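What follows is subunit A paired twice: with subunit B in the first complex and subunit C in the second.
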Partner chain A sequence: MCSRNDEEDGSQSLMEGKTKLTWTEVCQKCSTEKPVIQILQIKHAYCRNCFLAHVNHKFRSTLGKSKMMKPSDVVLAAFSGSGKSNAMLHLLHAGLSEQSHKRFLFKVQVLYIDEGAILGTSLEDRTANLQAISGIIEQYGFKSYYTTLASIFEETGSKCFPLVKDSTLKIKENSEEELKNLFLNVKSLTAREDLLRQLRRKIFLQSAKELDCCKVFTANTSTDLAIHILTDVSLGRGSQMHHDVSFCDPRDASVKIIRPLLELSSKEVTYYSVFHELESIYIPSLCTKASSDSSIHNMSKQFVMELMENFPSTVSTVFRTGEKLGSTNTTNTCETEDNLCIICQMKLDVSVAACSSVQATDFSRLISSLGPAGFDNKTLSQLPDTSKGILSNQADSLLCSSSTSCCSDSDVQCGCHKDVQRLSFPDVEKLCCYGCRLIIHDMENTSSLPESILHKVRTRRSLENMRESIQDFLL
Partner chain B sequence: MSQQQGLEITLEFGGGAELLFGNLKKHQVTLPACEGKWTIRSLLTWMKDNLLKERPELFIQGETVRPGILVLVNDADWELLGQLDYEIEAKDNILFISTLHGG
Partner chain C sequence: MPVKCSSSCGKNAILKRPKTGDALCKDCFFWAFETEVHNTIVSGHLFKKGDTVAVAASGGKDSTVLAYVLKVLNERHDYGLNLVLLSIDEGITGYRDDSLETVKQNRDDYQMPLKILSYEELFGWTMDAIVGQVGRKNNCTFCGVFRRQALDRGATLLGVNCVATGHNADDLAETVLMNILRGDIARLQRCTSIITASESEGSIPRVKPLKYTYEKEIVMYAYFKRLVYFSTECVFAPNAYRGHARAFLKDLEKIRPSVIMDIIHSGESLQVKDDVKLPVRTQCTRCGSVSSQELCKACVLLEGLNRGLPKLGIGKTSLANRAREQQDAQKTRIVNCDF
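And then the complex of A and B:
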C-alpha cells in the first residue's frame, strides 16, 4: 500500500491506465443473456434485465439504508427535464406502484424550476419547455408544480403554481428584471454558476416549505458529486463540501435535501433512461456550449470525465473521500441564525484559530491590494485583534472603501432605515462564508441581491449595533 | 475488400449532444462506399466533416469522442464491442448521449 513507485534508477513509474478487458459472451450475473453494459466500478458486464434490476436495487437500498424515510413524508422531487431526473421519477414511480414487493409509502410531488430568465430565452420557448415537462410528469401521475428562479425576489404571495397540461408560464416582469440584473452584475462564469447553485438550493427549500414537503429529492449521481467535490475545494467551500455531497443535506432545520441517486454513476443512470426509453428535454444552462476551461466547474467536470475514461475506479475514490470529510463541529442543528452564512446557511468562520488558512488568504489579499509601496510596519499595527478574525473585515473595507459608501462606522442608527440605505460590500461580506464571499467579490454592487438576503444583512447588522451600544451597560 | 454500396445507418443524439448537430435528435445517413470497412473510428471522422455543425472540440477529442459522451451501438455499450474498432453493419443504430449536463 505505502510503497514508493520510484524505480531503482530514479525514474518514476506512473499509474497504469485502464487495461482492456476481454468480456465473456454472457452476462456475468445470470449467465444466459448477452451482456449490453459494462459497469465500471464492478468491472462486470451485465445484460439488460440484470442491469435494470441492479439499478433499482441500488436506489431502493440507498433510501432504505438511510432509515430517513417515514410513511407520512411528502417528498418534493426536483425535475429538470434531463434524463437523470426522469430516471429518478421512473424509479420513484416503480417503487410506489402496487406490484412492487415492498412499496414506498411516502408521497411524491414534482417541482420544475424555470431558469430561462438568466439565459434570455424567449417566453414562447420557456412555455414550450414547461408544457413538454408537464407532458413527461403526467405519465407518472405525480402532482406537479412549477416555479421560476425569479421568485427568489418576491417577498410575498405564492411562488409555486400547479403544473397541468396547458398551463402557461406566469412571470412577474420586475422580479425577472432583478434576476437578470443580478446575473449581469456577476462577472465571471465561475461565480455565476456558483450563485445559480446557491439560488437553486434556496428555491428548493422555499418551495418545499410552501408545499409542505419535508424532503427534497435531487437527481445527483456519484459522478456529479465527484465533480462537486473538486469544484467545492477549488472554490474555498471545503468546509461545507460534506453537506454538498452526502446523502442528506441537513443545513435547513425543517427541509432536508436528499440525493437518492448518489450510489449510481452517470453512466448507469443514463443507460437506465435509455433502456426504459425515457424521454428527456434538454434545456440549455449557463455553461452550455462553453469551452471546458471557461469556469472552475467546467474544468473539474472535464477532469472527472477524463478520469472516468482512463482510470475508472478513481472516480469513486474521489466521491467516497469527499463523503467522509465532514468535520465534527459542522452540525448546524443547534446553531443560532446568527453565525450562519446568509447565502448558503453554512456556519461562518467567525472564531478562527490563529494562523488558519482563512487568515492567510485574507492577509495575502490585503497585501496584494495595498500594492508594493503600501505595506509598511504600520499596516499591521493598525489592524485590531486578529484572533477574532477581524483581519478579514479590515482587508475588505480597505478594498471596498473607494468604490462604495461605507457607512458602518459613522452612523449607528442607520440600521433601521431600510430603504434609503445602501449596503456596502464589507457589511454583506461579513455575513458570508468564504465561498459566498468570492461570489460577492465578483459583483459590481450589492444592491442587486435578493431582498430576502439584504433584509437578513440589515437585521443582523442592526442587532449587532444594538449589542455594541449596550455593551458598556452590561455587567 | 471494398463495399459496393453505401451503408445505411441511424445516428441518434441525446443529453444535449443534439445541439451540436443542428438540434436534430435522429439522423438517417448513408455512409459512402469506401475501401475496407467502416468502423466507429472512421465514422467519427466522417461525422466531423459532414454532420457536425459547430464546436467540434465539444464532441470529438483526438480520434475518439469527448469523455463523458456515451456511445451505444444497437442499445449496447460500445466498450463491449471493441470501442473505436467496432465494424459498423448496415441498419445499425448508433446513439451518442452526453452525460455532461450543459456540455
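And then the complex of A and C:
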C-alpha cells in the first residue's frame, strides 16, 4: 500500500505553509513608529521599542508564571560568551535594576565553563577568552566565577574560581589529560557531543552546589529546544526529553536547571542583542565548522532551520509538542538511586518489555552471532519470558567470570586499579539508560570515564552482589 | 580477503546487516530475517491459532516480502493461519493497474486467495476522477482516507480476524518524526503500537509484523530471494511534508545506522502529561467506523465530492460547515423558484 499517509483515519493535517509577508506601515503594537522586525511566526511587525518591551515582558512573565523563584534564591547564570547568554544577563540585569515593586529579588552569580581542553585550544587563547568574558560580565556588576570542564575529573578541592579582571586560567595538567583521553576515546562526533552535554550538566550541578546556588539559568531559546527535541528523539532519549526541554529540569534534588528564555525564539534573542549592541565572544565548540552530516545534533539543527524557511511555525509546533510530554509521576526525586542512569540521572528505561525496540535489537545481535546452528526453537520460546534482555544476561556471565580474584566483591571502598580495568562494557552499560548506552557503545574502553561515574558503577555492582548473596534470606 | 559470516558457519559473508553491523552469509541472513519476524509475532502475540489473516498487498516490496515470510513461517512454525491477500484498487492509471499484476503474480506463486476491492465500487469514485476534481494538491488525503476505510470494509467482507500491513521500521520512525513535527500528540502516542484499534469492538485490528525490520533488509531479502515486486512511485505528486521527514531520517541513518531503532524506542517510551486533553474516539454517525469527530473523514470527503465541493474535508471544519450551509441555502432557493 502507499504508506504516505495511512494514519488512523488516513487524514493528515499539515503545518501551515509560509503566509504572505505582512509588513504594515506602522508598528502593530503602538501604531505610531515604523516597524523594524517581524515576530510571532512572522505575522506581526513591531517597532524597535515595542519589540524590546515584548522580549523583556516575555522573559519576566516566563519567570513569574512558573512561581518558582523565591526572594532568597541565589541564581547561577551560565554564561558562554554567546549573544544569547549575554542577552540573558542583560535581561536579568534590567530586572534587577527596575523600580522597587518590579525588581527581581533573587541574587545572580555568573559561571563560565572553560571547555578549551577538548578542542586542544592553546592556554594563551583560553586565558584571552576568559579575560574577554570577565570584561563583559563586569559591565553588569555580577559576582562571577569560572570552572573548567576537566574539573569533573577532580575528586576534592574547590573547582570554581572567582573571575575578576585579570584572573589567569588555573588548570590541572593531569585532569586535563584525562579529559582529552575521554574525548579521544569516543569515536563518533554524535556521541562526543552527547557526552559533552551530559558532562556540562554535571558541571552546572556541581558548581551550583559548591557556590550554594539553588538554581542554574541557561540561555536556551525555543529554537534550541525544538532542535533538542528532534535530537533527543533520534538519540533514543524519548522518555527523558521532557526534562531536557521544559522550563525546569528537576532531576537533581537540590539544584534545578531553569531555562528562562524558552518562550523566545533565537531570532528574537538575536535581535534583542543587536538592538542593545551587546557584545559576544566567539568561542568554537565541538561541532563548530563541522558539516551538517557529521553528527545527529548538527543534522537536526540544519533540518529545523531549513524547514523554518518554508514553514515558520515549525519551531513553535515542535516546542509545544515537547511541552505536552512528561512523566506520569511528576516527581523524579523520589526514585531510589538504584534505578537511575549513572550518567544522566534519568530513570532507567531499559527494562526489556516482551515486544519492544530494545528487545528486537538485542535479539538481532544475538541471532546474528549465533547463527542457525547454535540456536533452536527452544531458546526462542524461552526468550520472551525471561524478559531480561540479552545484554544484561551477557553482563551477568561476564561478571561471574571476572569477579573471582583480588578485590572481594563486597569491598566498596577498594580503590584497586585492577578493578577499574575490570569494568567491562556490559558492567557499565547495565547501569545506563538507552541514550547513554549509545555513548558507551561508541567508546573504545570504559576506564577513561570520570572517576565519579566509575565509582558509582563499582558501588552499585558490589551492592548487587551483596543482594544476590543474601537473596534467599530477604523477605 | 573475504569476510567470514559472523555466525561462524564457515561460509563467506555476502552482506552487512544495516541494523547491527554484523556480516552474514546468504543462508544465515535468510534465517535471521525470518527468525526475527517470528520473534516479533510471538512476543507481540499478533495472531491466534486458527485466525484468518488478510495481508494488505500492494505489490510493493514490503507487502510482497510480508506475504512471502508469513507463508514460510506459517508452515515452519505451524501458526495455523489462513492467509489471504487483500488489495485495494485506487484507480490510478499507470500505477495501480500495473502493481496489481504483481499482486496477481503473488497470488499464483504463494497459492493464496486474492480479493481486490476498488474505490470505484466502494465509493463511486476512482482516484483519477478525484484528481480531476481536486487537482494534484491534497489528493493524497483522499487516497489515504479512502484506503483505510476500504481496507476495513474489505476485511469485514472477507471475515478475517486481523489485517497485517507491511509497515517497516523506517516507516515507523518516520511517522514518529512526522507526528512531532505536526504536533499530533494523540497519534504520537499510539503510532508505535504493534496492534492498532482493537479496543472498540467491531473494528478489525491491524498488525505490523515487520515493525522492527529495516527497509534495507527487506530489499536485501527480496533481492536475494529473487522476489518480484513493483517499485514505481505513485504518478500523482508525492507528499512534500512527509518527504522532508523521510529525507531527514535517511540523513540521520547515514550518520548512525541504529537511529531508526533509537527513534522507535523513543516513540515507545514517550509519555504524555496527564493533563493534556486527547481527542475522544467515537464512531461515525453515518458509517459507524472509528472517528474522533461526529462524521468520519471518509464520509466528509465523500460528501464533498458528491456535492461538487471537493475542498469540504480539507480545510477547517467551520469553513466546511459554512460552505455546506451556503449550498443548502442555494438549493432551497432554486426549489422555491420552481414553485
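As a working rule, the second predicted complex is superposed on the first by the 386 of 475 C-alpha atoms of A that agree within 3 Å, B and C clash if a C-alpha of one lies under 4 Å from a C-alpha of the other, contacts with A are read in each partner's own complex, and residues count from 1 in each chain.
Following the convention adopted for this analysis, a contact is a pair of C-beta atoms (placed from the backbone, for glycine too) under 8 Å apart; a residue touches a chain by one contact, two chains touch by 3 or more.
None of the values given here were measured: they were computed from a predicted structure.
A.B. asks: Is the number of subunit A residues in contact higher for subunit B or for subunit C?
C.D. replies: C
A.B. asks: With both complexes overlaid on chain A, does A:D212 touch subunit B (first), subunit C (second), both or neither?
C.D. replies: neither
A.B. asks: Is A:E173 in contact with subunit B, with subunit C, with both, or with neither (first, second, both, neither)?
C.D. replies: Touch partners of A:E173: none, neither subunit B nor subunit C.
A.B. asks: For A:F275 in the superposed arrangement: first (subunit B), second (subunit C), both or neither?
C.D. replies: first
A.B. asks: Check the residue A:E155 against both partner chains and state whether it touches subunit B (first), subunit C (second), both, or neither.
C.D. replies: neither
A.B. asks: Looking at the overlay, what does A:D293 touch: subunit B (first), subunit C (second), both, or neither?
C.D. replies: So A:D293 only meets subunit C here.
A.B. asks: Looking at the overlay, what does A:T314 touch: subunit B (first), subunit C (second), both, or neither?
C.D. replies: So A:T314 only meets subunit C here.
A.B. asks: Please work out whether A:I37 is in contact with subunit B alone, subunit C alone, both, or neither, and reply first, second, both or neither.
C.D. replies: first
A.B. asks: Using the touch definition from the top, say if A:L230 reaches subunit B (first), subunit C (second), both or neither.
C.D. replies: second
A.B. asks: Taking the two structures together, which residues of subunit A meet both subunit B and subunit C?
C.D. replies: none
A.B. asks: Name, in rising order, each residue of subunit B that touches subunit A in their complex.
C.D. replies: Residues 14-16, 18-20, 54-55, 57-58, 66-68, 70, 72, 75-77, 79-80, 95, 97, 99-103.
A.B. asks: Going by the contact rule set out above, which residues of subunit A touch subunit C in the complex?
C.D. replies: 1-15, 188, 190, 229-230, 232-239, 241-242, 293-296, 299, 303, 307, 314, 317-318, 320-321, 324-328, 349, 354-361, 363-365, 367-375, 377, 380-381, 383-384, 434, 438
A.B. asks: Which bits of subunit A are touching subunit B when the two form their complex?
C.D. replies: 23, 34-38, 45, 48, 82-84, 223-224, 266-267, 270-271, 274-275, 280, 282, 284-291, 298, 301-302, 305-306, 308-309
A.B. asks: In their shared complex, at which residues does subunit C touch subunit A?
C.D. replies: 5-9, 17, 19-20, 22, 24, 27-28, 31-32, 35-36, 38-40, 42-45, 56, 58, 60, 62-63, 77, 88, 90, 140-141, 143-149, 151, 165-167, 171, 175-177, 180-185, 187-188, 190-191, 194, 196-197, 211-212, 234, 238-239, 241-242, 244, 248, 251-252, 254-256, 258-259, 261-274, 276, 290-292, 296-298, 313
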